[in-house]
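In the part that follows, the structures are each spelled out as structure tokens.
First chain A sits with chain B, and in the next complex the same chain sits with chain C.
After this line comes the complex of A and B, so read on.
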């Protein structure tokens, strides 16, 4: 008996220890190519002789129907799509390492530099149509997906221009005007809290770096730059600190909730119970409220983001591109499909309806569905607000090559500060340090400051 | 591992012996044929990935050609390990689960033991029902259990919180100090039944004559439980302890799920979460080094505990 137990024990220890390492080995890095040449030359853009099948990976709900429409009309260029929403970047990363990346894949703006650092893309600028596509998209989206016009690595798909969602009924009840500046917003926060201690103007989710980055973007805080063959890390700046200090004040005065995770059931419950009077969100957020809080139909309005100064400025939160992936030997066909997918009004309308995408193509902003009043929002033309917001987004904002790591470091430190351990400005410093350290770890040349 | 191999060989040898009676084929081929289904996946899915992870952990990333040049990996010796040992997040995560394990493992195993002993007494009615009930949480996938508990912890949704508030308490299950123990509670809920079952099956294997002899000597049920049953099933208790130590070091699902609703669980809350976070930032070599260190710590603690207890228990 004891002999058997010993055996089981040993096997258990071996297996369990093995499991802890095995999980990681599944996603390890490629062997060096040995090719030290700099950026790969732009691939040729020749139409294929016969029929072509393209692989396209994405996370958009309903995209299969959009692809089916294309396939019906384009028998020579068939597209096979795969939904990778379970682990988008994990799946893309593993495929890249295995040399089996699809021709096209959905990549968020903030992950473009990181993936390019992993040599994930192919430059489609040999295709005249790819270069010419520039004029079709909102400027900042093109700037980010072309890395400042140094090639064509992706076509923008959707964006998340930010705006303020307001419970007009609550604001009206407390005789408050819709805030135009962040100062007014803070003053309103105080008034609402004074009137009802259980009422907060909004919540601050420390575990949501994407949201916080959107706020930084709005305040013209440039987190990264590139010159002299080096990345310049400027996460820590007067602008970013101003945002951090502003929210620190609201948190200290207990004017905003910090116990709600964005998009979680508890968050919706708090809104449902009328405990929160506004929401700082992006274009894709309109359907969140419509679908999760149907009872509050007619109570919400969408207005421009409060601003720091007198001039209108907005930020972006989320959105994606469709990138030309490494190993793509059908650039000509890929450009054709990608261009249709992201600028054809019929495709854009379907993506907006089925997937809730807010288009990055300028033509998309004039879709019939986006120029009508939305019943949930009192038939207000909410998309006009997002279109205006989209125009006011700083085009020179750039993401870093280790954005995921920096986001995690930022979140961890924001959470600590929100729990009373440190200040939000410490989180800015932590993100700055994390950016430098993570880039050093991956041998990416970087310096602090301009 | 050699143990398993020897055992397997012995089994095969016996079968081989039988087949010889029928004038069967060559022995070596038979042995290989029987071993292959085990060894092939074992090598492919355990040994090779471990070896690969160990190899990765000795590499560092280098880059040529500036901003978006080409990256490659080079041998870096112990560079990744130096970084692991200098990483304060790593040591805080180890400290955190150390605290977790020191409290949660004894509590869970004690409760499991008590339930196992209760199920084993002749006094209890409806044994089958209680056994299944105690074991049932284990049948719930860990992630589902964590989601379920997260609803019970959330002040916005939980009837439990409402109830406690009604009697004048202000519970904050997701606060910075409490969230570790909220995670520990989920683990305990999940795994107590499993550990109980291992102990219970060991109890079932004890010959009834021992109890009869003890009763003749005037032992009470209480004395039988603590003086006879517990010492006899000591190997099972040790086994469950080792499993629990390993489980604790690999803690991931429960805190990862609670992280969805509580920002007081950082991305580096447990060593496995840290390894995952580092890997998701494309620093696979560093993540490999972290997992190798976790594996070594697991080995040392598990074998250390076994050695310590087997000496004491005279096994």
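After this line comes the complex of A and C, so read on.
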């Protein structure tokens, strides 16, 4: 499966490269992200004279209905949307190189720097509304989509603040309190395993770099920084090693399973058979359990992530922005639509209901649907936990300009370590090396360390 | 004694052959059986119940969800698949028949060379052609239209090859001669005489083409961006990519997969008698 996907992506890349004569030229002169002076100058923000039609590409289920609502109320600014979930970044990449990018496109937070390196965005900061939108969003999301306030390149759409999903009945049965720190979590893992050798506290999917990055983020591991015209790569740090060593210990003691792929049928089957007592997940994961394991209704609780120290800290797993794409000549209208799309309560409620989006807008966190108890989770107000988690996410975390390559290198090494070949800390070193190498290959100036 | 030995042997070997075929049948039908079972389950039972036994029978509810999702987009995809596959296979078969007939019945310079080139075309996987075709089509501006999928679908080197072999076997020179003597032109000869004799073999070519286009995934994925032009394969793939956010889509992907193989099965059942006639007419000779 993952092989096929990679092959298809590869083909997409080949097509992208070949489809454009300018492809090579575009690649050879990367603009390092984070450098305000190198970014394209902010385009003018004038309302258009007549009617405008905007293109908006995304991967969100049910987004067509949200767009239809906008179109009904805004005859002068019509939006045409396209679902690009077949090959999100391949399709965006093709369009960019062919000079046919849409006005707006969905881009994940971790892919923003890499696309900016390819000069994919326009700065909308000439629009006063765009700059003022800062106050509408959860701080870290704004920090990432504005690259530390160097412009307005995207509006945050949704996030995946992390939390711990707990089978409270299993914990109760074994007389365990819900763990508050990672140390308690490890101790509970041992106790559960001692009580029942078939029971694991959770699983560790080595082929999921995004999940692992979320864990690193929670421990304030800063992976990238940009200053003095170059990138500072600190993927390998005391914080990241601490996370790796922690999970290595659990794996060595066989307290967590490493044979389950996230979201796979075997994973759900293991939960169904009561073999796993908790799940470290993100806000969008609540529907996975509700819809795939209806029999376990009432047995789950959602609590804050276990912490490393005494103070609350959380990480983010997933989430996207809606970016202003290169060649956008209707910034005024784009900002209007983008702002409505990602901060209007009615739009946010629809996106949450149809697409499962957990809003990045602070107003969204107070949606009626997100302040009610959820029947599957014992009528607990689970979204309060995610809202709290959202506030505890480190705002200074940044992604690298070659994140996809680094993620692949990280996964390869994590999978090896999980199979007993090497340690998780080696995976951290591999990711560090891959980050430096991949940037070097693209002639992006980068150094190791601060 | 000497009479019994061969019958006993043949009974043993027949039993062995039957047993082997029985095993193979199970092997081939198992995924289909799984698909049928899975399509009747609610999403919650997919992971939590054993894959090969029925649980709740929710097939009709699943079908209803499938066809009503996103304003019935699945129906649109199904229609697109039918258009691509039926039209593509029909036109493709006609072209193959014309080419194969010409190669088999007319002697002209370079005939064998041409045939070798076409045979070479059989060796090139269609997936490898998707990229050059995309570049050609994007230069002509027909990317993201029905034509982008339809035009490549009507070309089939393997069909031409089959048509030539079949024509050589099924259309005797004498009949063509007499048709010409009766004053029929070349096209008349082809359409009124040769085509009738070729029908069983053309059904074979049609089926090959139909199944090929119906299952084609890569070409539409490269060519199409507009959801309303997608065939079923691509549509289901798109849904499958969204299951992390919308878990209930998974059941629709499974039910949709079941629905998508039904037309192919029906077509095979309807057209298999032509196949039999083809085999039988061969045996008389």
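In this text, the second predicted complex is superposed on the first by the 412 of 450 C-alpha atoms of A that agree within 3 Å, B and C clash if a C-alpha of one lies under 4 Å from a C-alpha of the other, contacts with A are read in each partner's own complex, and residues count from 1 in each chain.
Quick note on the criterion: contacts are C-beta pairs under 8 Å (C-beta built on N, C-alpha and C of every residue); 3 or more make two chains touch, one makes a residue touch a chain.
No experiment lies behind these values; they were computed from the predicted model shown.
A.B. asks: State whether A:86 touches chain B only (first), chain C only (second), both chains, or neither.
C.D. replies: The answer is second: A:86 touches chain C but not chain B.
A.B. asks: Taking the superposition as given, does A:442 touch the first partner, chain B, the second, chain C, both, or neither?
C.D. replies: Once the two structures are laid over each other on A, A:442 reaches chain B alone.
A.B. asks: Scan A:118 for contacts with chain B and chain C and give back first, second, both or neither.
C.D. replies: In the superposition, A:118 touches chain B alone.
A.B. asks: Tell me which of chain B and chain C touches more residues of chain A.
C.D. replies: Between chain B and chain C, B touches the greater number of residues in chain A.
A.B. asks: After the superposition on A, what does A:238 contact: first (chain B), second (chain C), both or neither?
C.D. replies: The answer is neither, since A:238 touches no partner chain.
A.B. asks: Once the shared chain is lined up, is A:269 touching chain B (first), chain C (second), both, or neither of them?
C.D. replies: both
A.B. asks: Is A:61 touching the first partner chain B, the second partner chain C, both, or neither of them?
C.D. replies: In the superposition, A:61 contacts chain C only.
A.B. asks: After the superposition on A, what does A:287 contact: first (chain B), second (chain C), both or neither?
C.D. replies: In the superposition, A:287 contacts chain C only.
A.B. asks: Would you please give the residues of chain A that touch chain B in one complex and also touch chain C in the other complex?
C.D. replies: 8, 11, 14-15, 18-19, 265, 267, 269
A.B. asks: Applying the document's contact rule, which stretches of chain A touch chain C when the two form their complex?
C.D. replies: Contacts found on chain A: 8, 11, 14-15, 18-19, 59-62, 64, 82-87, 91, 98, 263, 265, 267-269, 271-272, 284, 287-288, 290-295, 354-357.
A.B. asks: Under the definition above, what is the set of chain C residues touching chain A in their complex?
C.D. replies: Result: residues 42-44, 46-48, 70-71, 130-131, 134-135, 138, 218, 221-222, 225-227, 234, 237-238, 241-249 of chain C touch chain A.
A.B. asks: In the complex formed with chain B, which residues of chain A make contact?
C.D. replies: Within the complex, chain A contacts chain B at residues 1-2, 5-29, 31-39, 89-90, 93, 114, 116-119, 147, 205-207, 226, 229-231, 258-261, 264-267, 269-270, 273, 402, 404-405, 408, 411-412, 414-416, 418-421, 438, 441-445.
A.B. asks: Which of the residues in chain B end up touching chain A in this complex?
C.D. replies: Per the stated touch rule, the residues are 1, 3-4, 7, 45-50, 52-54, 56, 59-74, 83, 151, 154-157, 174-176, 205, 235-236, 238-239, 242-243, 246-247, 249-250, 259-264, 266-268, 272, 275, 277-288, 291-292, 294-295, 298-299, 302-303, 306, 315.
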